[in-house]
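Both complexes below contain chain A, partnered by chain B and then by chain C.
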Partner chain A sequence: MTALDTAGPAVTAGPAPSRNTKHSARRTTRKWGEISLFAGPAVLVYLIFVLLPVLLAAFYSFFNWNGLGPLDRFIGLDNYTRLLADPVFHRSVFNNFFIIVMSLLIQGPLAILVALLMNRPLRFRGLLRALIFVPYVLSEVTAGLAWQILLQSVPPNRWGPFDTLLRSIGIENPPAWLADQDVVMWTMFGILTWKYLGLAIILMLAGLSGVPEELYEAAALDGAGWWKTQWYITVPLLGPTIRIWAFLSIIGALQLFDMVWIVTGGGPLNASSTMAVYMVKNGLNVSQIGFGSAVAVVLFLISLVIALVYQRFALRRDLAGAITGGVR
Partner chain B sequence: MTATTAITTRGAKTAVPRRRAGEGFDWGQPIVYVVALAVAAIAVGPVLYVFISGFRTNPDFFTNPAGMPDPWTADNYLRVLSNPTFWNQVFASTVTALGTTLGVMLFGVMAAFVIARYDFKGRQLLYAMFTTGLLFPLTISILPLTVLLRQLNLFGSWWGLIIPQVAFALPTTIIILVPFLRAIPGELEDAAMVDGTSRIGFFWRIMVPLSMPALMTVGVLAFVGSWNAYLLPLFVLQAGGAGSDSYTLPLGVQFFSTANGQDTTGVLSYTALAMLPAILFFTLAEKRIVGGLQGAVKG
Partner chain C sequence: MNRRSTKLVALGATAGLAALALAGCAPAGDGADGSGDTTTITWWHNGTGEPLNSFWEDVAGEFEAEHPGVNVEVEAFQSEDLQRTLIPNALQAGGDAAPDLFMVWAEGEIKAQVEAGYLKDLSSLTDVVESVGGAGTGWNVDGKQYGIPFRYGIEGIWYNADLFEQAGITEIPATFSEYSDAINKLAASGVSPVGVGAGDGWPAAHWWYQFAIKTCSPESLTKAADTLEFDDPCFVEAGENLKAWMDEFDGDLPFQSNPTSTPAQSVPNSSAGLLASQTTAMELMGTWHRGEVAKLVPGAPADNPPAPEWLSWMPVPDIEGASGAPGAALGSGDAWGVYVDAPDETLELLEYVMSEDVQTRFAALGEIPTVAGAEAGITDPVLKQIAEGTVNASLVVTWLDTQYGPVIGQAMNDAIVNLMFGDGTPESVPEAMNAAAATL
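Presenting the complex of A and B:
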């Protein structure tokens, strides 16, 4: 009865708008239904397995907890003070930054140089590129095990494959690549360069393929030599590629774990430990989830600050629209 | 006559852009080959060494670690190939990598479809949420994730690998897919609507087939990522108490190496065989991998 009453005037007042609202309401419901149907699974999995753990890490870092018993020993910032006072952690942070700085100083320029040289019509160009790219495709574990065997050295008389090779070309006393505390990080840097130089070269070659040919012809007409042309024309135009490579390299170096864990386990005497190795050693072997989480939070904060600063000053122009403004 | 010379020089210029007229011999060319070959040799040398040394016996290896096999023997390889654990690990890697790939492609394209082609409040937020995922790599969340997986009863199981790997691959996937889906012309959608297709039908019959190139790139990246993964299997399978028969290959190789430290050539052949799938897969998918990376740089 009441239903009829309310429906009555509405119909007389104007059937068109009423039907329209109903229709569009149904359409809106359907639209949201479709949206949640399509995006729902991804959002759910992402929230639970990517975002929630990060929040949990921040939460756990205030507890003394082994991950199993009740979470009731709140200790405030104690994990952080302990962490920041630990010389092994200092060494780990230093090692991460050592890899960052050396990569930027050596790996990048080396890759640019090789790419500049290779950026011309070559016979077997495809094959050469593929060969250079091989180390990048291998898992860190298989590559790491290979290097562990290649570089093993058991003094005084048992030389590993690499040392035997060096002796055959007259280098009698190579350092203990993996056993010398002062050498091990250089060794690690060498292995990482071997693994990631190919990727850098491929990226640089990709960047070079975007440099317009006419510029070279113009430079040649002006009488510029090869080096001058590269230095004043090619390298500046390669800027965006170099900046993105550097960003990927820095973030990768901050997360460095697999290779170190496989090749040295962080040794000898923590000399090759990194933040992630330090975290896993504490979290996995000693099962201190609270303390390990504090390491994760510090690692995250360092990465975040570097990422923000880098984006602000270097990547801003290149990424404008790529990450922040992707949806207009 | 002058016209012909002009044409030929221009032709030569496009073929070898940086060779200048009047230069007799391009000294750059041999140097380039030397450099490229040296880099390629350094890249491939250690890999070749592993494959070749797998054919050696341990006494032979320790007499001269840098030499060639004397005699050549396939014993090590046959031992690994007849080891059921090795095949179980190949199977584990295949299942988890395929599961991850399918999950990433399906969930990724569905979410990217919404972000690219629906107009709604919160769309930008949704996109931003996924892209910030780039700031949260697995390393940072591995410890709480382990606790979470234990509570969800996924600890020690392949699902405990697949689901988080899908989740962590979503940011890159969505960043690659959204522009691709948005570039598909709206007229196609209108035409489909006029023909009476629903949005869901449009998605399956038109969007998914059209976005296959981008989806393949995303799939290859997810597959390689999963195949090579170490940190997550280390925590979920090894720390989760799964037996070495359900380890993925990287974890299995590392386990074998730790357990058989004295048997160096055995470890080398196990490592070589574990490298093989990655190399084969790369030769098959090279264009996708390199193309995907180049696309990412070119923007």
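Presenting the complex of A and C:
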């Protein structure tokens, strides 16, 4: 073993400074060798499949390029000015933010409420938890296709399954869930809530299990009722969980693509388009790689800014020392 | 372990993994393999369903049997994936990654591939080029033939003969006013007259295309396709005519309710599914519709479903008083193109695939062939009608979105759906087309 050849004597009167430096240099080298051995492949894959495409997209966005032949039509910021002037893109950005705001206002509180109810001794609690989680496990494509078929109606002679159900309980003229421009985003929000509420509830339940039992006992001794206990003890202690859930929810809403693509394709008349749907429709589907790349860059920048701002302000306590450099 | 060896191992492991990862990305290529004895031809098509998938496999097998040392690798992909993602990426990667024989769409769609120098000029295959006659025109770029169509036909109105009979329609409408009468009779009998998958855009846009080819003179259409300028007033007039026709009826008619949320095909609630389940009585669609409807008939078998007996076809009626060429029809097809560096045997494979024998068997599967003589293989009476309609059409205009290319195509289709079912105007369609043309 080569290590033996280079090892110093076992006992010395005290290492000379030069040898010490040599030793530590060797240790550093070895450390870096190990790091590159174990992390190298992952870093390489990350560079090739994540960082390089991001940089290439930024580069392509300055060209009018259809994906074929050489990149020889530099057009500067034209793709960006065209994109920022397009009302369909504005609508798409609005729709992403609509989903973010509605998720925070409706999905989050709903998940906390259900989690609080399910955290009490209940019959069939395990079964209920599993059932609530089922939609999250289904693939987006399967769930999307199912919802598309359930909601599609052709009145007056072929009502979809969902509308048939509504009519059986006396709602004669249900809205055109997927065809009405004013309704379609609410429908999408409903489907997304059905799909992702389970995840939120499971996260909240996990958070609840971390609340110390003694606090509840103390509150009970002080005579606090159930609501007061939840409001003053549980919800504040759920803070880190809520903040992480909200972060996942915001990033998910910004990337929203598959469910919309399957259920509405961004329609009717682009009313349910999101930034990612807009990117695929106007970039990939029509071979405008340069323009699509510009959309991707804008989507990336919006996501990056939101993520950084959120981490800096909302997550600073939760992530102390990890990302924000030890804010106390 | 000394410093150098640690470094070497780390580098070696990293490089090895990277090489493995990259090697895994490269598809099996064309050309001779290591031994120099075998030539591999890759062939990409869009026949993902049966019986087509097995048919192309069989054809490849027959060719291999006749040509020892040639290995044909056939792969099927969904049309849009093939055309929009896989082929452009593979061509751009070039070399072994590019398929040798693959499907190409006509006119504006094939042009970018030709301009980038990816396609082999097939003009020297004179027998094959002549065998498809006028159908090959759409794949002729600057006088050179870059694609050989294997499937070609005009679109028409697919209808349910039983529902027509129930509604008391005895004659097939020959003019648009007779067609409107039929729509009213069908509505009175309680059926949604015309199904349209406007959720996918293009099926609705085809209605405007039909009005455009019947409203614009052939000269105006040719000029617009050549210059990509859509300033001829006939394009606005086409939208006005379409809107006037749609406004003749009460309520949602002539189309089914909620057209903008209805997809075109594949699922039971698509417009093809509505026709298959007898909810709607008619649909404007291309030759492939026979297979799409057959698959979606409730209770249809998964393998080779037969077309329902009531499924019939008629050409789109002429619009009275319009200045377009009488008998003009809209249509196109799918063609085979060859990669510029494909092995020579690919041309022999193409000749075999386009032989009268293979095309006749292709026709027997319920497809419309292009090679003269192969129409003898068509057994289905409806497809015979379409083949005759294609031959008899005074002029076959390629689908406008294919003709003008994808960028103008998408803007045009969106504007048309907006005109038909949103707040668009007849003027907004050519405006959107001109705006899209300006970004090219």
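The rule is simple: the second predicted complex is superposed on the first by the 285 of 328 C-alpha atoms of A that agree within 3 Å, B and C clash if a C-alpha of one lies under 4 Å from a C-alpha of the other, contacts with A are read in each partner's own complex, and residues count from 1 in each chain.
Here, a contact is a pair of C-beta atoms (placed from the backbone, for glycine too) under 8 Å apart; a residue touches a chain by one contact, two chains touch by 3 or more.
Treat the numbers as computed from the prediction; the structure is a model and nothing was measured.
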Superposition on chain A - do chain B and chain C clash or fit: clash
Quick one: classify A:Gly69 as touching chain B (first), chain C (second), both or neither. second
Regarding the shared-chain residue A:Ile202, is it in contact with chain B (first), chain C (second), both, or neither? first
Touch check for A:Arg82: first (chain B), second (chain C), both, or neither? second
Once chain A of both complexes is superposed, is A:Ala176 in touch with chain B (first), chain C (second), both, or neither? second
In the overlaid three-chain picture, which partner chain does A:Tyr216 touch, first (chain B) or second (chain C), both, or neither? first
For A:Gly160, is the partner it touches chain B (first), chain C (second), both, or none of the two (neither)? both
Would you sort A:Pro268 into first (chain B), second (chain C), both or neither based on which partner it touches? second
Figure out whether A:Pro41 sits in contact with chain B (first) or chain C (second), or with both, or with neither. both
When the two structures are laid over each other on chain A, which of chain B and chain C touches more residues of chain A? B
Just to be sure I read the superposition right, which of the two partners does A:Lys281 touch: chain B = first, chain C = second, or both, or neither? second
From 27-35, 63-71 or 261-269, the chain B stretch with C-alpha clashes against chain C: 261-269
On chain A, which stretch or stretches are contacted by chain B in one complex as well as by chain C in the other? 34, 37, 41, 45, 48, 67, 145, 148-149, 158, 160, 284
In their shared complex, chain C is touched by residues of chain A numbered 1-3, 5-6, 26, 29-30, 33-34, 36-37, 40-41, 44-45, 48, 64, 66-69, 82, 145, 148-149, 152-158, 160, 176-179, 181, 184, 264-265, 267-270, 281-282, 284-288, 291
Over in the complex, which chain A residues touch chain B? Could you list them? 31-32, 34-35, 37-39, 41-43, 45-46, 48-54, 56-57, 60, 67, 114, 117-118, 120-122, 128-135, 137-143, 145-150, 158-162, 164-165, 168, 194, 197-199, 201-203, 206-207, 209-210, 213, 216-217, 220, 226, 229, 240-241, 244-245, 251, 255, 257-258, 261-262, 276, 279-280, 283-284, 289, 292-293, 296-297, 299-300, 303-304, 307, 318, 322-324, 326-327
Which chain B residues qualify as touching chain A in the complex? 13-18, 20, 28, 31-33, 35-37, 39-40, 42-44, 46-47, 49-50, 53, 62, 64-66, 106-108, 110-111, 113-115, 118, 120, 123-124, 126-131, 133-137, 139-148, 150, 163-164, 166-168, 170, 174-175, 178-179, 199-200, 203, 224, 227-231, 234-235, 239, 249-251, 253-254, 257, 264, 267-268, 271, 274-275, 278-279, 281-283, 286, 289-290, 293-294, 297-299
Flag every residue of chain C that touches chain A in the complex, lowest number first. 1-3, 5-7, 9-11, 13-14, 17-18, 21, 80, 84-85, 88-89, 91-92, 112-113, 115-118, 190-192, 198-200, 256-263, 267-269, 274, 277, 279-280, 406-407, 409-410, 414, 417-418, 421-422, 439-440
